[in-house]
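Structure provided below as structure tokens; questions to follow.
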Amino acid sequence: MVRGGKMSRVDQPSMRGFSACLALIRRDLTLTFRSPGQAINPMAFFLMVATLFPLGIAPDREVLSELAAGVIWIGALLAVLLSLDSLFKSDQDDGALDQLLMSPHPLPLLVLAKVFSHWLTSGFCLTLMAPLLAIMLHLPSEAFSPLMMTLLLGTPVLSLAGSIGAALTVKVQRGGVLLTLLSLPLYIPVLIFATGAVNAAMQNMPYTGHILWLSVFLILGVCLAPLAIAGALRVINE
Amino acid sequence: MYFDSWSGFLVMEGHGLYVWSAYTMALAVIAYNLIAPFMARRRILAQITAQVRRQERLVQRNVIVNEVRGDNNENRSANPENTQLKHRPRRQEEGSESVERSAQ
Amino acid sequence: MLNVVQLSCERDDRLLFSNLSFQLGSGEILQIEGRNGAGKTSLLRIIAGFSSSLSGDIFWNDQPLSTVYADFRLDCFFLGHKPGLKLDLTPLENLVWRARLSNTIINREVLLAALDRVQLAGYEDIPCSHLSAGQLRRVAFAGLIASPARLWILDEPFTAIDIEGVSWLERLFDEHTHQGGMVLVTSHQPLNDRQGKLRKLNVEHFGEERSVDGERGQDVQG
Amino acid sequence: MNWTFFHKLGSPKWFYDISGKWLPWLQVSSLVLILVALVWGLAFTPPDYLQGNSYRIIFIHVPASFLAQSIYMMMATAAAVTLIWRIKLADMALKVMAPVGASFCILSLVTGAIWGQPTWGTWWVWDARLTSMLILLFLYIGIIALRGAIHTTEAAAKACAILSLVGVVNIPIIKFSVDWWNTLHQGATLKLTEKPSMAPEMLWPLLLAILGFYLFFTMVMVLRLRIEIISRERKTRWVKELVS
């Protein structure tokens, strides 16, 4: 009988913290590529929201360009919310969350890695799609760069803030609506400053203030949200 | 009183509708905050009395069962069936003791 | 060396167990018995460090768990009811991310050897979704074999395992305790104790249903 | 520094007995104060030179808005106490305060909207204060919904504590961004509850109303807390004696 050897312990635990995060990110990305249906939904939803508005309101140029920034941002916000529901729930269902909690590495760090991989598969793809929608909604050309900047800065904050709600509702059966209810108040400041920046650019006024405020929210999110998420996961999984 | 007559007080120079609808809304909220606790109190007290009565009934039923079977705690052995029995008498002792105390 | 002193746990105002104490030295197996809902799983999750709402203290190598929880988790392998494997990944990938998470250097041969020991040699690159529940548990056991953790905390490992799987697992426990490891396991089947290292603990002994008196501050007895 | 007081606070039975004595005083004083303040404000103060009699809604709108915001602050402190010292009474307070806060938040929104009609001609105005109050209502509903969704009491207690702490961090950000958003789009409109021009005879009934509402809130909270204590301590002997 082949005697199975034992793998050796790592000596410098701190450096291994990042390799654990990399392993988690790699795991989540392979999971999304193996079953891409999960990542396609938010993008399809985003596109659908952008097509509904002209049908609902008016197809002509002035009205749409006025609304474009709000429509794109609200579409991105709801799409991120859509994809957040299964962030921790899939791990909870097959027991992987227990392994995450049992890891010697600090939980906020691991949770940050998970949220980063979620952002890569949802928020980042929405940002790449945004120019397509901006063209569809006749967004003036000078507003393209602020739109992309605000989306790049804003969607991680959406993922971070929404993950707090996702962690709190991990054991709730139909927690989707509750997750939306918990995350919306956290999304409002980001929405205000992001659409504010794009609208300011459309009236060719300076929008650097808005961008700076969005980066403030990003930094606040990156520092505080993982603590809340880790706390919520520990509390729910008692 | 600022207003000269009751009707003036009600109409308040045209703003009466808004003022009085706001005040009825305030009355509604105050009434909700007063009534809701009492309703909750009644519901929870009923639940607790039902639970206490259920426990007493459980205790009565155990006392009868034990006399009939003449079972007692001495012949305790390690088979799981008996651990069940062993477990129940202890709860029965505790149950009856709390029943007498609450009866005093 | 695990030392649990005067542990008590309350779930939803129901006192599961109180002043439960035991020691688990290296080379020992402790089987935790009790009927369903007696608090076996809660006890295991408390010791593994999931729950913090408990009174009483747990010592790992004579230091309180709350201060050395990182070392404790380095040296502990927890296997819950669910195998903890991602169904879209292959067994090997699952073992890699779990080992990486518990801070061990990945050694491919050791993992393959472990998979071989659980008779899953040819399955290492088939997505876990194709494997049966018993095979999934055996993949989790492969992770157990390959991990250097000394303390094994296993929650009902014998579910979905056939007869000869049970005896295989018992041989694995003996081998682990022989190397100075510790096993904390809950299961309904009584384990047959060959080397005399097996001890049993019934949670129900500590779980008498007594009504806790009013003063929550002092725990009034009886 | 002996902490006996702090630990005694932790025992629900002690609170139940003490609050039994406070309750009648609270009930009488709060209802009397509210009655006096509202009658005074409604009947005896002269109308505002600009808004006429519709400003009399201030005597319920301002206390309700103050209460809605300070109740959320109290919930955040109760949440911090639950998480740090794990005092069960704090979690009971957190659970009990949420619906009361939500009811006052709704009252403040409705009275604000009603007041907006004669002043600006439309029922709902995206005024900075009203919008922040609306978002505060979402925070309240979120906490109540989360409390209902998680069934184990310990997990629900800590989850709601974390959510209310996250919410309390979020409130200043929301207030700032809504104010900024409001001034960007509408310029400085007539602020709904501008107080500097309050003549003294208007100010006194308002202060009385605010005090009355706060006393009313404390009374309601003590009432609900006593019921929550009975419900949670139903296994203990003193509750069984109380009930039988």
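Remarks
Just so it is clear, A, B, C and D label the chains in written order, and each chain counts residues from 1 on its own.
Note that in this section a contact is a pair of C-beta atoms (placed from the backbone, for glycine too) under 8 Å apart; a residue touches a chain by one contact, two chains touch by 3 or more.
Predicted, not measured: the structure shown is a model, and the values here were computed from it.
Summarising the inter-chain layout, the chain whose CA centre lies farthest from the centre of chain C is D.
Counting C-beta pairs in contact, the pair that comes out ahead of the other among A-D and B-D is B-D. Between the CA-based centres of chain B and chain C the separation comes to 39 Å, rounded to the whole angstrom.
Measuring from the averaged C-alpha position of chain A to that of chain D gives a distance of 33 Å. With centres taken as mean Cα positions, chain D sits 26 Å from chain B.
Chain A and chain C have Cα centroids lying 35 Å from one another. Within chain A, residues 238 each touch two or more of the remaining chains. Multi-chain contact residues of chain D, defined as those touching 2 or more other chains: 152, 154, 234, 237, 239-240. For chain B, residues that reach two or more other chains under the stated contact definition are 98. Residues of chain A that touch chain D in their complex: 164, 168-169, 171-172, 175, 178, 181-182, 184-186, 188-189, 192-193, 196, 217, 224, 228, 231-232, 235-236, 238. Across the interface of their complex, chain A is touched by residues 83, 135, 138-139, 141-142, 145-146, 149-150, 152, 154-155, 158-159, 162-163, 165-167, 169-170, 173-174, 176-178, 180-181, 184 of chain D. Contacts from chain C toward chain A in the complex involve residues 45, 48-53, 69-71, 73-74, 76, 78, 80-89, 93, 96-107, 109-111, 113-114, 116-117, 127, 145-148. Against chain D, in their complex, chain B makes its touches with residues 1-3, 9, 12-16, 18-19, 21-23, 25-26, 29-30, 32-34, 36-38, 40-41, 44-45, 47-49, 51-52, 98, 101-102.
Contacts from chain C toward chain D in the complex involve residues 11-13, 53, 211-217.
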